[in-house]
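Below, each structure is written out as structure tokens.
In the two complexes that follow, chain A is the common piece, with chain B as its partner first and chain C second.
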Partner chain A sequence: MNAALLLLPAVLILAAGFLYPVALLGRISLNRTSDIGAMEPDLTLATFEKVVGDDFTWELAWNTATLAAGSALAATALALPVVLLIRAAPPRWRGLLSLMAIAPLLVSGTARIVGWLAILGDQGLINAALEGLGLATEPLRLINNLTGVRIGLTESLMPYACLVLIAGLGRLDPRLEEAAATLGATRTKTFLRVTLPLAAPALLAAFLLTFVLGVSAFITPRLMGGGRVFVIATEIFDLALETVDWPAAAALAMLLLGALAVALVLRTALTRSARA
Partner chain B sequence: MRRSAILAAFTALGIAAAAPALAQGGQMTLQAYAGIFRDNYTEVVVNPFTARSGTQVQYFDGGTSAQMLGRLRAQKADPQTDVVIMDVTTAAVACAEGLVERIDASTLPVIGQLGEMAREAGGACGPAVTYDHLVMVYDTRAVQPAPTRWAAMWDPAQRGRVAVSAPPNIQGLALTAILAKAASGDWRNINAAMPRLRELAPNVQTFTPNPDGYTLILNDQVRFATGWNARAQLYSDQSQGRIGVVLPEEGTAFQINTINVVANAKNRAQALAFVAHALSAEAQKAFTERMFYGPTNPNAQVSQAALNRTALAPQFRERIVGVNWDEMVRLRESWNQRWRREVIAASGR
Partner chain C sequence: MTHLRLEGLTRRFPGAAHPAVDGVSLQLPKGALLALLGPSGCGKTTTLRMIAGLEVPDGGRVLVAGQDVTALPPHRRNMGVVFQSYALFPHMTAAANVAFGLEMRGIGRAERRARVDEALALVGLSDLALRKPRQLSGGQQQRVALARALAIRPDLLLLDEPLSALDAKLREGVRDEIRALQQRVGATTVFVTHDQTEALAMADLVAVMNEGRVEQLGAPEEVFERPATRFVATFVGRAARLPGKVEGPGVVRCGEVALRFSPSPVHGGGPGWGDAAGTTVELFIRPHHIRPLVEGQPADNVLDAQVLRRTFTGDVVALECATPAGTLLAELHGGTRGASAAVGSRLRLGFAAQDVRVFPA
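Now for the complex of A and B:
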């Protein structure tokens, strides 16, 4: 009884801040949209049928999944050496280094993207340097396309991957690596045969977390894609705020939510089996 | 006694309906665009209204028209705003959903003074309050001589230096209609516009200029962009002419903002009085001269200098492509898909 009471505030906050808006979204998705865009109250699955039956929705799903998977993979791979370095550092430096690794989370996503625009833009830092050194006559197209979105998304996901890996690798017993070295294993062999297998559950958890975040990413594809990168989140934005087709936006959002729920269930199952 | 009380009540109601401009004092909330629109509209339209009527106007930054529509939907049972200024396509949705009042010259006599297009723009609901139009903006330092045609954006020398807002943004829809009209005589004929848009695609750096094309020009990111005349004229002045504004020879299309009284507004009398003021010749003249939106009240005696910076100047009127936005809304989804598959996909960046 007491435990249930203790849970009550969290349940109420969850109900007010998540369940109610999701229920409202679900209700809107069952309405209809007239040909001029007016929302007509209804209880129909017609909008879901339209959204699911549209080839473009599947193209969006593919774009979203591949972009998120690629960026999550890159973020996890790039975070691993950073975390290994933190782990190998003297204990008194680890706190500071960990803070530095996740410091980008302290800066707004939009501000970070403005920074990327200055670095990757056609007249940005990289292109100015290349042209200045005589290495390029035409600017490299590093932004307002898929390349830019991949770079921006990978960078924005890296701190999350670092957080998961710091927690996961922090639990590894360093004596196992020392034992491998004592038995004559080189540093590379120790890493490949001891550290990496032991880090696998943390790597998987980092990948799955960043994948889920990548699937729902909006700001980076919107601001760095130049209108060329179509993912589900940008489509929901366009439907809600450009064409004001709320039922279609809500239906797409519900489908995305369902897909993310499936991904989270898979993540839990995979993490459990990896631990086992 | 009872009969006289009823008579007095009906008389009071009759006065309120026939002469909303007589409303004095009280307060009301206006929901409209933020930024420079707010600053200038407050100064030349809202403040004079307050001074004359004693009504305090709270200006609520509504964001985009779609965001304003969202707020009207969310507050349908308990509206928190009384008057809303929004784009004509979004206002049509609000009107169809009963979120704004049906209104005509019998309720507001000033509506009878407006031009035909202004009256028809809002359908059964509020009329047009401003006209704006699509323009080409360019960097006057980098582009010389001054261009006069949309075709300047197609110049191969401008590869990667053009920003175009693609559909579903209405700038992209308007540009498509203008090119279709120029190529075939019919703004609806997207097939006529597509070849030209595909040719333009390689020059386009971004199809979603952020925060807008004017800023990208000032930051040396692009040399050409599509824009709306009123803001472009203001940014041109603020940048000491760095941003050039062209109403291209191939044509332009109007973007129309309508003004509406919110359904079940808490301060309806003040709202009607404000709408009457906003549509008056005096307020229309003041706002056109301040921000170069075209006046919807033909009685507004706008200075020639200001009029020349709108599409309503005699020398520009023939360039206006008569886009019917009700029809455009129905075409929007198919045009959007064709842009994605045939234009953006061809941009090869």
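Now for the complex of A and C:
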């Protein structure tokens, strides 16, 4: 039997669940919106021109990119010590600890955000504690703003960063760090001169993956931002369901898809050149 | 003068039934090479790692030049370690690998350079200083690892199976090189190996380890010729093993014949142990101790033998012979008497009483 046939189920699912909707989206993005807001069949790039020419689009793109980059950086930086700890643990604990690090993926993203709201809200755990300790008279605004989105997004990206780093650092021979120690390097020196340089490719991979996920994140900005934080994903949602301007929503979605594709190609090229 | 002293070194891994290292004590003079020899899992590598400070002992002490270093972390011990996988830093050149330990010691750029050049020259790799480890062959990587360990002028050089990752062809040459280098530098060295030939060829002292304990500590000849325990007799060198029963002082019955052995008493049995008639024992006789005899030639022990199998391996002929005492293996050099004996032919084999090792069965 031809081995390619084994790919058939996956190809069919991908075609029905991803390629067809994307093609449909592409088609819609070429339609026209009439003056009264109704969609009219057409084959025009007018919607793209309108979206690209709009300063608001670029402001959104900037917000999205900086939010995703900041959260991806924080998630990767926070995941590193977790993974180093897992690596240093006795072998029989490693499996369980790895599972715990990625366990948040087993819980629905919405449920995790509800948890965050309970912790960060005006009457939440943190503000109640601060007030109880007499450290604050006014509640800290930790939700319904950019801070809340940053916290939520960082947390939701961490399991992915852990996943990439566990795989990447797992291949790092612990004997290298032992060798550094026998040569007189303190723990700090060993980390800076041996562990960190060798972990760099894995850290870059973790950052790029979480960045891409952060750029396309919708639920967290929507729920933790309380309608005050605007990114491309929330704008697409608003255009499609609030304004009901499907061609504009489709065009924006296609642009985002294109940008992410470029990022992925760059990432592949980067890792390839790092290996060579 | 004793340079390294281990006192009752013990390490128990959590969840393990037996200690990995169980009360290892030994002393090593300055400039000597000690081989820790034993099968895998005997605790030799764990012992080495405790000397280096990479493993924390549950009991016992490590003393270097009279100083107790047991509580010191590895980076404060000044020990040059060559790992089995070499553990070269893949992101640094050979020269940077060698310089690393000097840099950590805060040695200035000029002196660092000189000492890196010196160390690389010592292992004959001056031309490859700017190569990364992956651009070097296994043998070259191993030399860089040696140079890196020696450049810090360590109090002890510790080698963990340094030859096991090399091709069999290379191994003998590198073995002799390491030994020559170690003697030239005068580095007190501990060397871990499971290969008895390596241990016997390189070491001043061999510690044969089994189940976390040192079974015998001695010069290579001593360990080979006078094994102290049955395990050592089995693990080091080859021997015909015959079951027997003690008949009296220095006499043991083996099959249909009585054989003489000395010195009495039996090894490892305590004073007078083996003289008790009726004790069940096992005899070890090395193949190279067995000689074919001419008619009328005397020997402590003489056996009539018939050749069962003949194996020609170049310079040595191995003869498997049936005797009244059991099956014996004799190794004869090509061209010597008996070496041309054909399968089925009859021989008279002799061996000295002092070459018979007797252990409690």
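The definition used in the following text is that the second predicted complex is superposed on the first by the 275 of 276 C-alpha atoms of A that agree within 3 Å, B and C clash if a C-alpha of one lies under 4 Å from a C-alpha of the other, contacts with A are read in each partner's own complex, and residues count from 1 in each chain.
The working rule: contacts are C-beta pairs under 8 Å (C-beta built on N, C-alpha and C of every residue); 3 or more make two chains touch, one makes a residue touch a chain.
Remember, it's a predicted structure, so these values are computed and weren't measured experimentally.
Aligning the two structures on chain A places chain B and chain C next to each other without any clash. Set against each other, chain B and chain C touch different numbers of residues in chain A, with B touching more.
Legend: residue contacts after superposition of the two complexes on their common chain; A:R141 is shown touching chain B, with no touch to chain C.
In the superposition on chain A, contact is made by A:V244 with chain B only, not with chain C. Rounded to the nearest 10, the angle made at the CA centre of chain A by the CA centres of chain B and chain C in the overlaid structures is 150 degrees.
Residue contacts after overlaying the shared chain place A:F56 against chain B, while chain C stays out of touching range. Judged by the touch definition given at the top, the superposed model places A:N2 against neither chain B nor chain C. Looking at the shared chain after the overlay, A:Q123 reaches chain B, while chain C stays out of its contact range. Of the two partner chains, chain B is the only one that A:L223 touches; chain C does not reach it. Legend: residue contacts after superposition of the two complexes on their common chain; A:T188 is shown touching neither chain B nor chain C.
In the superposition on chain A, contact is made by A:I36 with chain B only, not with chain C. After superposing the two complexes on chain A, the closest approach between C-alpha atoms of chain B and chain C comes to 47 Å.
Across the two superposed structures, the residue set of chain A contacted by chain B and also by chain C is empty.
For chain A in complex with chain B, the residues that touch the partner chain are 34-39, 56, 121-123, 139, 141, 144-145, 222-223, 225-228, 230, 238, 240-244, 246.
The touching residues of chain A, when paired with chain C in their complex, are 90, 92, 173, 175-176, 178-186, 189, 193-194, 197-198.
Of all residues in chain C, only 14-15, 52-54, 73-81, 83, 85, 87-91, 100-101, 104-105, 148-149, 152 touch chain A in the complex they form. If you check the complex, the residues on chain B that touch chain A are 64, 66-67, 69-70, 73, 89-90, 92-93, 96-97, 160, 166, 168-169, 205-208, 210, 220-221, 326, 329-330, 332-333, 336-337, 340, 344, 347, 349.
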